[in-house]
Structure formats: C-alpha cells, structure tokens
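Sharing a structure below in structure tokens format, with a few things to ask.
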C-alpha cells in the first residue's frame, strides 16, 4: 500500500515534468504546426544560462526569469532565422530543421559549458513530505512543479480559448494565407508562437533540472516521453498534454515499480498505440470528420 | 578485366606480421575510443585527457625507447555502431599499433572480434566486464580495472561480516555492470538479500526502484550504479524519507563528483555531505588524497600537460591506465611487435611483481588470464574522502577465496614518474 | 458614357469619403509565366467593377496582386493616399481591402464562429482606427443574410457544404469593415437564389457605404447585371474596358471573350 | 443499345431493376438531418440531375451512394442487388465512379499517371512481377497507359499526358479528373459540380461530353449551373433540407413553384437563351 | 525530373540478376536491357554500372574506406526502404531503428545455429516484415505527428525487449555476431580476378553492397511499377485514391512491410558489420538519422536515399578530422561533428528544400539548358506553387 502511494505520488511529480514538456510541444504545434524536436535542446540551453546566473550569485527566481527571457529570444530567433525559410516547403522540412537545431545546440552547449554533470539547485526542499506517520513521496519542489504546470496549462487554455491573440495564433498556424487576408500579421504570430513555446520549454527545462543533474543531454529522455504525452493527449489540446503527461508519468512509475524499468518504453508504446487505435488524433484531439 | 592489375593496391601487409604497423623509429601510434559526446560523455570524456597528459609527460621525457607515443582517441558517442566505425578508422586508416583503454562494455564488445581478428593488441579496456578475460577466444584483449564480480565479492564479504543482520537490497544498473556485480555479491552475501531492483540506464526517474527496496524492507542497499544514478538514488531516498545504510560500487561513488553534486542540490538546507558514511571500494587513490605520492605525481603531470581543468578521478584513472600501458610497451622491448606486446603483458604483467603502479592491487595477467586487477579495498566515505576500512583484498572470479594482500605492497612512484620495466626474455 | 439610371439615386456622400482604389499598370509573373501585363482597371467608390475573362486570363492573379499575395513586377496599387504596391497582405487588409479568395477561404480547423470572429476582429480594429463607429455589417446582419450559417455557428467549419463555406467567407469579409471588396467568383457553388440575393446585397452595400467592389466572375452575364463597369482580361492583358451595359451589349466582344 | 437516350427512361422498365437505387436513406449529423428519407432511382443510361439549395444534402447523398457516409437508415441497391456496408474502394468493381467537388488530382503524379490510377482495376500483374520488373509488369503498364491515353483523348486532354496537375490550367485539370473517373469504364458516374469554376466554352464542351457519356452510362449530375442542368438532364431530383421536394423532367421541375421558392429564386425563368446541348 | 525518372538513374551497386527468369524469357529480357527505354532495362543497366563502380571502389580504396562502404550499404538499404514509406507512401516513421533491431537480432540469433549468413539475414528481414505488418496495421489510420509519435515510441519501446529477455537477447550488452569469413569459392574467384585474397572487411563490404544493390534494384522496380504509382496516389489524396478502387489500409500496410523488410535487411548487414547487436546500437538516434538522411537526400527519390546516407556516413568523420587538423582538442573536435552535422541539416533544408537529389537535378537541368535550348521536364513532387494553387481551388 505504501509502495502504491509512493509510486503514485512520484509518478505524479514525474508526470508533471512530462506534461510541462508536452505543453511546450502543444503550444508550438498549435501555433505553427511544427513538431519541434529542438524543444528539449532549447530548454537545456536556457537552463544552462540560468545555471551560470546562479553560479554568479543570482537568486533562483532571478535566474528563472533570465531563463524564460532568453527562451523568448531564442525561440523568436530560431523561428526567424531557420524556420521561416522552410515554412512553405514540404511538410517534413521544418521537422528536420528542428532536428538539426537540436543536434547543433546540444553540441554547442558541450563546447560552451562543458560536458560534465552539474547540479541545478531547487528553490524548495527535496525531502518527502510527511502526513503524520505516513510518508508522502512528494517533495515541496514536486508540488511547486505540479503547480507551475497547472498554472501554465490554465494560462494556455485561456489564451487559446478566450483571447483574440489565441485565435490569431491558431488561424495563422492553420491557414497563413487566409489569415493574412484577414489582417493577421502571420509572420509575427509564428514568431510569437515560437517565442511563447520556447518560454514554456525553458520553464520545463528548469522544472526538470531543479534538484537534479544537468548536462547537455539531460533533456533527451524527456523528448520522447514528452512527445508521447503530447500525442497521447492530442497535440492540439493543452489539457490533453497535461493529462497525457500525468498518464505517462503514472504508468511508467507503476510499470517500473512493479514490473521493472526495462518495460517502461514498451508500456509507453502499448498505451500510446492502444489509445491511438481508438482515437487516431489522441484523447482530446479532433480528427477531420468530413473528408468529402 | 581492368581492375585485376591494381587489385592488391589497397591492401595493407598481413596483420600481426613484422615489427610493425604504427611503429617507426621515433614514434608509436596508439588509439582509443571514448564517448566524447552524448549521454555518456559527462565524466568519461575526461579519461582520455588524463591518458593523453600522461603520454605527453612521457614524451617530454624522451618517450619509450626513444619513441614518442602518438595517442589518437575518437568519439563513439557510446553507441556500438559508431565504435565499430571509429575503431575501423583507427586500425585501417590511422594504422595504430595498439588500442588501449577503449571504454564501455557494449561499445568495446562490438570491436572485440575485429581487433582480435586483425591482430591488434587491445589492452586495458575501460570497463570491469568479464568479457575481456577470454585469452583463448580473444588473445589480444586485456582487462585492467578489477572486474565487477571481484568487486562485488569483496564488498559482499565485508558486509556479511560487519552487518550480519542487515537486510540487504541491491540497486543494479540493468546491464553487465549490475549483473556481474550481483553475481559477485551473491557469492558472499546471498542469504541476506531481500530485494533486488534494476533500473535501465536512460531512465529519468528511479524513485520506483528505490521505493521497491524500501517496501521490501532493505536496510542496507548496495548500489551498482554509475555516478548520475548514485546521485539519483540519493535524491529518491530523500523524497521517500528512506535512510538505509548505503554501499556503492567504486564506479559510482566518486565522493568529489557525486558528493559535490548532491551537496549543491541541497543548497540552503544545512546538512553534512549526503554521501557521508557510505561504503564503497577502492583500487586507485582519489584526487582528494593529496598526500598520496601517486596523486602528487599526477598533479604534476596534469599541471604540465593538462587542459587547465581540475584533476578528477576520471583523469587519474586515465593516467593510471596510461602508466600501465607504458610499462607494457617497455616490457615489449626496443623493437615492439603487436604479438610481442601481448606476450610481454602475459609474461611480465601479472602478480605482485608485475606491472605495479598507482593501483593498490596487482594484475592477474598471465598466459591463461587476461583479467585486470585482482581486488579492491573496502572503504568508507568520510569528510569528502575515501577512508580504507580493510586492507586490499584479493580474489579471482568464481569460488576463488578472498585473501588480504600483504601490507605496504604498492611501490612509490619512480623518480621521473616513468616506469622502468626491463623486458625479460621469452 | 452615360451611367444607367439607377446610379442617379446615389446615397448622400458620407462625411468622410472612403479612399479610392487605384490599380495601374500591374505586371505580375509566376516564374517564367507572365500572368498580368500592365493591367489597369477603373474603380471608384460606390461602383462595382466586374473583371471578366476566360480561365487563366489572370483574373485571380489580379486580385491577388491587389491584396498583396502576389508581388507585382511593375505597376501601382494605391488606396487613397496610401501606396500599397507590394505591401504585405495583412497591411493591405488593415488598410481596408477585403479579399474573398477563390475557394478554400475557410479555415477549416476553426469553428464557423471563430472564422467569423476573425473577420470582426479586423473590423473592430479598423473601426477604432478610423475613430468612427462601426458602419458596415454586424454579425447579426451576416447571420440573417445566411441563416444556414447561423444554425451551424458552433460547428467546425470543415463540416460545412461547399456552398455554406462560400457564404461563410463572404460573410466574414463583410465583417471586416472594408472600403474595398475584392470578390473572386463569389457565385461559385452557390444556389442561384443565393447568388441573386448576394448580388442584391452587394449592390446595396456599394451604394450605401460607397464601397469599391471588384468582382471577378465566370458567370459574365449576371456579373455585368450587377456591375457598373466591365473589364475584360485575356492572356493577362486588358482587352476591353467600358460601362457594364455597353459591354453586355457588344455582341462581338461577348462572343470573343465571354462566351455568351 | 437503344437509341432512346434522350427519352427519360421511366425508372427501369417493367420488371427491370433500376441501375442504382437509394431507398429511404436518412443521415443525421448531431441534431442536423442532412438527408431525410431520401429515395432515388437511376435508370440505365439516363442523365439524372440533383439540385437544391446549399446544404440541402446533395453531396451527402453522393457520399452515401459512394460509401463515404454510412446512412443512419435506408438501403442502397445496384441493379436490384442490395449493397450492405458499402465501402468506397468497392465502387470500382460495382461499375461506379465519381468525381469530387473540386479537382482532387494526385499532385505528385502526371496527368497520365493520374488516369492510370483510375484504370488500376484493369491491372493483371501482381506484386512479385512488379518487384522483379518482369515483362508481365511492363506489359501491364503499357496496357494501362494505353487505356489512360484514350481516356485523356476522350476528354480532350491527350496533349498534357506527361504534365503534373500543377502545370495545367484549371479546366484541363477538371478534364483529367473526369478522365480518371471514365477510364474505369463505369456504368454509373456521379459528378459533383463538374462545371464549378469553368468558363462557358468549357461548360458547353462538358455538356456535349455528358451527353456522349449517357450513351453508355448513367450520369448523376449535382450542379448549381442551371443552364447545364436543364440542357443535359433527363430527370431532375430536387432536395431541400434533406428532403426530396420534386422529381421530374427539367421543364416540370423548373416550373414547380416550390423549387422556384427554395432554390431558383424569383428571376428563375431566365437561363434558356444560352442553352448548350 | 519526375519521381519515376528519379528512380531510374539510381546507382545500384551489387551484382545483377533478379532470380533468374526461365530461359525462354531470357532473350526478351536481354532485348529489354538493350533497349533502355523500359524501366527494367534502365534499372538493370544501373545495377550493372553500379556493380562495376562498387567493385572498382572495393578493390582500389583503403581498407578503412572499404569498411565505410559497408556502413554506407546498410544505411542505403534502410533509407531506401524508408524513402518508399515516407517519400512515396507519405507515412512518416521515426521508428525504423527498431525494425533494424529486429533484423539484426534475428540474424545474430540464427548465425550461431549454423545457418548460412544470407539465410540468417533473410530470416531477419522476414521477421522485421512480420513486425512491419503489425506496426503497419496499427499505424494505417494515423497521420502526421500521431504516426510520428507512435513510431517514436516504437523506437524507444522495442529495444526494451532486449533487456526484458536478457537471457536470449543478451540484455544491454547485446549479442556478439560471428562474422562469416570469406568462403573458399569467393576467395578463389577474388584471387582469380584481382590477384589477391579478399580480407574479411572486403568480404563484408561485398555482402553489404550486394544487398544494397539488390534492394535498390527491386525498389526501383516497385517504384516505377503500379505499386509506386498507387502508393503515391494514396499519399497525395486519400479520398480520390479510394474512389479509384484502391484499398488504403492494405496499400499502407504493404508499404510498411516492404519498408520494414528493408530495415530488417539493413539490420542484418549492420549486425555483420558491427559484429554486435545491442540496444545501444538501435537507439532513437539511429531512427532519426535515417529520416534525416532520407530528407536531406531528397524525399521520395532512391537516388536521394543514397546521397543522404552518404552524407550521414561521411560527414561526421570528415568534420572531426578537419577540426582536429585545425588545432582543436580532440574533445572539442568531437563536438564539432554534431555541431556541423546539425548545421548542415538546417542549411540543406533552407537552401535545397528538395534535398541533395533535387540539387543535383537542378544543377543537371541548368547544365542541360546551357548546352542547348529545350524545355526541361515539369517540376515534380512538392512544389510550392502547385500547393498554393491547389489550395486556392474549391473544396477541401
């Protein structure tokens, strides 16, 4: 029983981390229709910047702001410089570009920051909480992570559902030409979409790094499970991303706790395939109903 | 057919023939593969920098038999397919005389067959796998560090003797490292084991594994974990409020690295080094042991030929391996051949009078054994350093008994810091 | 040239006269293909200009060049004082040029309502930019004109039938408070009754708000009925310009270019 | 073959089952009834128009006939045989072809290849032959290409065989799409707004083509271009709000006040002068 | 140049000879080869030319280059299969590394049982094909990123089996593969032709090249056949394809299976070339490299698959070498390889949207135009003008 509780709670914290990453993917997908493989590397890069700041004596929160701010710029920069030229080409090209950015950024980080392990401080405690005599396998920092992810999700849902900006972002992603005819500055929207997504990506990088080890490849495992979570939820839905993330987090936790961690990848595969067989566009995605 | 005439042009001479590929009167070419990029790069990419620094030191002092050691190491990103490619490159294009210190079980395992079939000496693989000790099948390959089984046996025996009532849990990396370690531990501690948890390398979170150990009531956990997972296991335990006695394999217990990392994480919370009191094993001095004459030598070497970074245990490891390699080269005589090098290691490398250097235990090399060091000392992490609890204990794979090594056996470094092995006739 | 009589009862000019669209000497190419050669068309606030011509004559290209989707090689597009030549489509749209593109103008992944909202967003921005109150069509007007759309407001736009989509796009353009309306084959896929209805509304709007309308149609006969001026394009060149009624009366021209 | 192509055949002679029949079909989308107990009988070699206001359910009706839309109730039959659980890929074998509202050409395939895909049911060689490049596969390719060429020639697009759709003018693309449907030698051909976006010359040609086709197949024409509909149809079914409001020959339908109100509008009476056929 | 033509001028290494047709048809076949108008003729000619080039290379270049050619050959095999799936049928797969693993492991398991290595590799291909059926069937309804996600999960999940069944599959450490030595007949033939004994490295390269040549030949046949045509049709417009009587599901699964068989073959060759199969040899990195190679080379063209593979195989060592020569430390030079590789991916996509094959094609076109007048062939595949033009047309 205690173990089940432990697995559930640690699965939740881990799921929140997948969710954070998935949110960034969803944001970029919704606003530019690109699956961004560079998301992890971008988050890694800004986390390193935050780490430099912390090492220079900044407070965690100041470093966090620095990371988010530099994420904003990095996202905008990447969209303008390398994504823009391929946006109108074949569908797969932007994906390959993000793959290239991913590889290049990771190598650049190794060159600039070195390939060693570094530790990234956490703003809250890393010791599990206790309720009476029962140990809860969740740390104050874990709660912070979950809270941050929920706030981000709500902000994104609100952005897309209730704001004009959200509508413009989506319209730009779906049909640039028509959007431009309706006065939407599509170029700016795409840049903004990337910038915002990079901010969320930076946040996810920081959340993952907090109280953990950081090295240029530390986001790699997240890319896969974050992507799986986003697809599971339906790439169009922020709430889906969070639910997908938590589902994957919990599933992996149970599977590795009760069956062994070598089955984790398989479990993710089976869950994803099972869901997609029933709902080809994820739990909360909408497949095209009318084809003719 | 036009091609027939020029057909033989590209072929090199028969491998393993005359003295020899990669050797000139003034130089000798040596290759290695390491993960310099990617997941395994942190830490491991430092090893060849240590090796290179030591070779440079030797070269600056005239080289070996007047030959400068030309050391080429290439990145395999820790993937076997790439190892194959870079080792092909080393052997076929760079025409190295020998390979030394190739890192990783799966990676180096991928080139085992190739190196042996090409007749390239494959000395001192950087991994404690049992694969390197197959003299029949792989006559050119030698291990170097104590294998994980030997380490597990000695650690297990100490725990059985010191904590006879402990309920032992094993936290194992799910590969040869964890498996060989488990085999060793079970040879001396089998009945006390109550739980075994395995994680796959690459897993982001090992809380479930640690939680399993906790649930099954282990109060002493032996971890065969790499450094990053040692740190993660500590974090997970903290999250679970789980406080067993910890013991870690030498691989993952670097107090400076892991302790330092953990300490920075718990910044803001007062507390001792989180690894304080942890059991581990030891076969090389650590960089923090500044009184050790070998560490002093290596500091000098690193100051002279290093890249400016700190002297880490990975670099000491690399230098120590290089030291053994220089010994082997000296033993191979003034006109080294590939076969001659292998023969020399078999002939002169093993036993208390063999290649001795910074490592505490002797090697097991001989005509019938290509296994590396014969044992380890059990130690405790205290005040940021590893304090030996036992003398160096020696054993071999299988049921071989465990014995204490004679005290004060390790020699002091030679004056120039360069070994002086004299080849004996074969 | 005498205007047909219905032009005599023009509404009183608005307080702020809407800017006039000037399209002069446009040349546009797609790679090696020259789609427009020095095309000028007469337009005037309060008048409908019909652009006619066979398939591939360059009608669509003309509208796309005016709205900025295609960059002209030469020539000029001005709206009042503003030079819009080669301006970005969003700038042109913001300046008051609404373009109803040929087919596929619906953003299918959004709902019907969201599509309309995009139109209103621009309309609101333009109204507030002008400082005056909204003067064009309200959402209610559009929904009243197209009851089919009203019923399907909350549905994803990709469930609409071909004609319903066309209505949606036209309605959306009306919501943007345009000074200039570029319509590319608005009758395409619409039932005859709806076409009649839309042309009537177009007429009203043009006159009431002094809208400038450029209407591209395959259906030359009905287009000339609603238009004031007719322009005939062939192979990217203007081959005839005149009052709509005259054009309709010109047998030879009709047979050569308009096929009726 | 009868010569009475212009006589509207009353839905099947006595005893003869209609070539294709839709009976009592209802389709609902959520709260919306797109088709409400619609029945339709197609005789052999007739040109049958389906008209009605936008959103009346015309395309949906075609979708039902082609297996893209499962009806909530009602049945389909082909020459008297009921069609249960019809799937689009079975159409070809039933001798049914359809064009799409729009063009729907494969943009990575040349015009000829596009039409060859339409002719795919006539292939002979199997996978192994294709894999090994056996002469059989090559012969097959030639035969399909031959068919495709003659279909292109029939619609007057023979000269563009090796061009990609993007390089073709719009009307020519529509012709290629029509050729792709024709090459399967269908007995029933559903055309969804074939005249959409075409100029009057092309529409004239289309009308001629439809009449020629009617000599060997049943044609169902969904169209808003009334001149065309009136000129070529033998019979017309009018849909409104998913219901059949009128069936009959063109003249009768045109004079039906209900049709005028729902569909044609007040000035409906014109449109006779520019007749085409 | 259209897709069809692209397939025609594939440099096909290896040796000719599809499983021999009966003698009666032989003369017809020969006639066809002589008359290069037919696709088969062109492909056979390509195969022969490729074989000559490859044999020349294998006999002339240094042993290291020979081993690189082996590496190239398995990349080519896998990428050619992936080209068929992604480029021609429009299904993206980020999980082909896992299918290669199936082929590689099967080969590694069967070799010790004493089977001839070709039989082992072919069985591996069949095994991968069977997995391909399952994956293809599950994937048949998925599109775009959903398919990408599912196959990505496959790339991560399937190697987990090697750990779960560590007893047979060797766990993390993997299985070592006994490399076949050149058999006597091969050595004799080689000696007769070139006057030297073949090395094992050469022998492996010959095996790799043979497999690659056959695969390219067969895929080129498929590409120009009815299957290439209908696969592209399914890719371009599902609805229209269904109306033409094509069964989307079956065709998709078939494409997946053919592609998986290629991946399985590639895995088998990889197993021989690296003498080891281990989960760390079939990581997501491998899968992503494959798709990157396919796109860099030029999506949908077999020539592109070859060019893209060459970039993947030859670029990193080249860059590392340059970096080391420029005086960087080895560790830095090692990082330079991925840095450059990443940048090359980006730059190729920006400056040659249709990949290396497209670039070659355009350069060729320019040359031809300079040489004399004559209109070039129509532009192929994804072409922006066409897309927007199509988009501007009714329906959706």
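We just call them A, B, C, D and E in the order they show up, numbering each chain from 1.
The working rule: a contact is a pair of C-beta atoms (placed from the backbone, for glycine too) under 8 Å apart; a residue touches a chain by one contact, two chains touch by 3 or more.
Just so it is clear, the model here is predicted, and its values are computed rather than measured.
In this assembly, the chain whose C-alpha centre lies farthest from subunit D is B. Set against the Cα centre of subunit C, the chain with the most distant centre is B.
Distance from the subunit B centre to the subunit E centre is 38 Å, each centre being the mean of its Cα atoms.
Subunit C and subunit D have Cα centroids separated by 32 Å.
A separation of 51 Å divides the Cα centre of subunit C from that of subunit E.
As a whole-number value, the distance joining the C-alpha centres of subunit A and subunit C reads 44 Å. Of all residues in subunit D, those that touch two or more other chains are 59, 68, 100-102, 170, 193, 196-197. Listed for subunit C are residues 101-104, 106, 108, 158-159, 162, 188-189, each touching two or more other chains.
In subunit B, the residues touching two or more other chains are 36-37, 45, 174, 200. Across the complex, subunit A meets subunit C through its residues 164, 167-168, 170-171, 174-175, 177-187, 286, 288-290. Interface residues of subunit C, counted against subunit A in their complex, comprise 67-69, 88-90, 93-94, 98-99, 101, 104-110, 114, 117-119, 121-122, 125, 156, 158-159, 172, 176. Against subunit A, in their complex, subunit B makes its touches with residues 36-39, 41-43, 45-46, 174, 198-200, 202-209, 211-212, 214-215, 227-228, 231-232, 235-236, 238-241, 257, 260-262, 264-269.
In the complex of the two chains, the subunit D residues touching subunit A come out as 59, 62-63, 68, 100-101.
Contact residues on subunit C toward subunit D in their complex (touch as defined above): 54-56, 102-103, 148, 151-152, 159-164, 166-167, 185, 188-197, 218, 220-221, 258-260.
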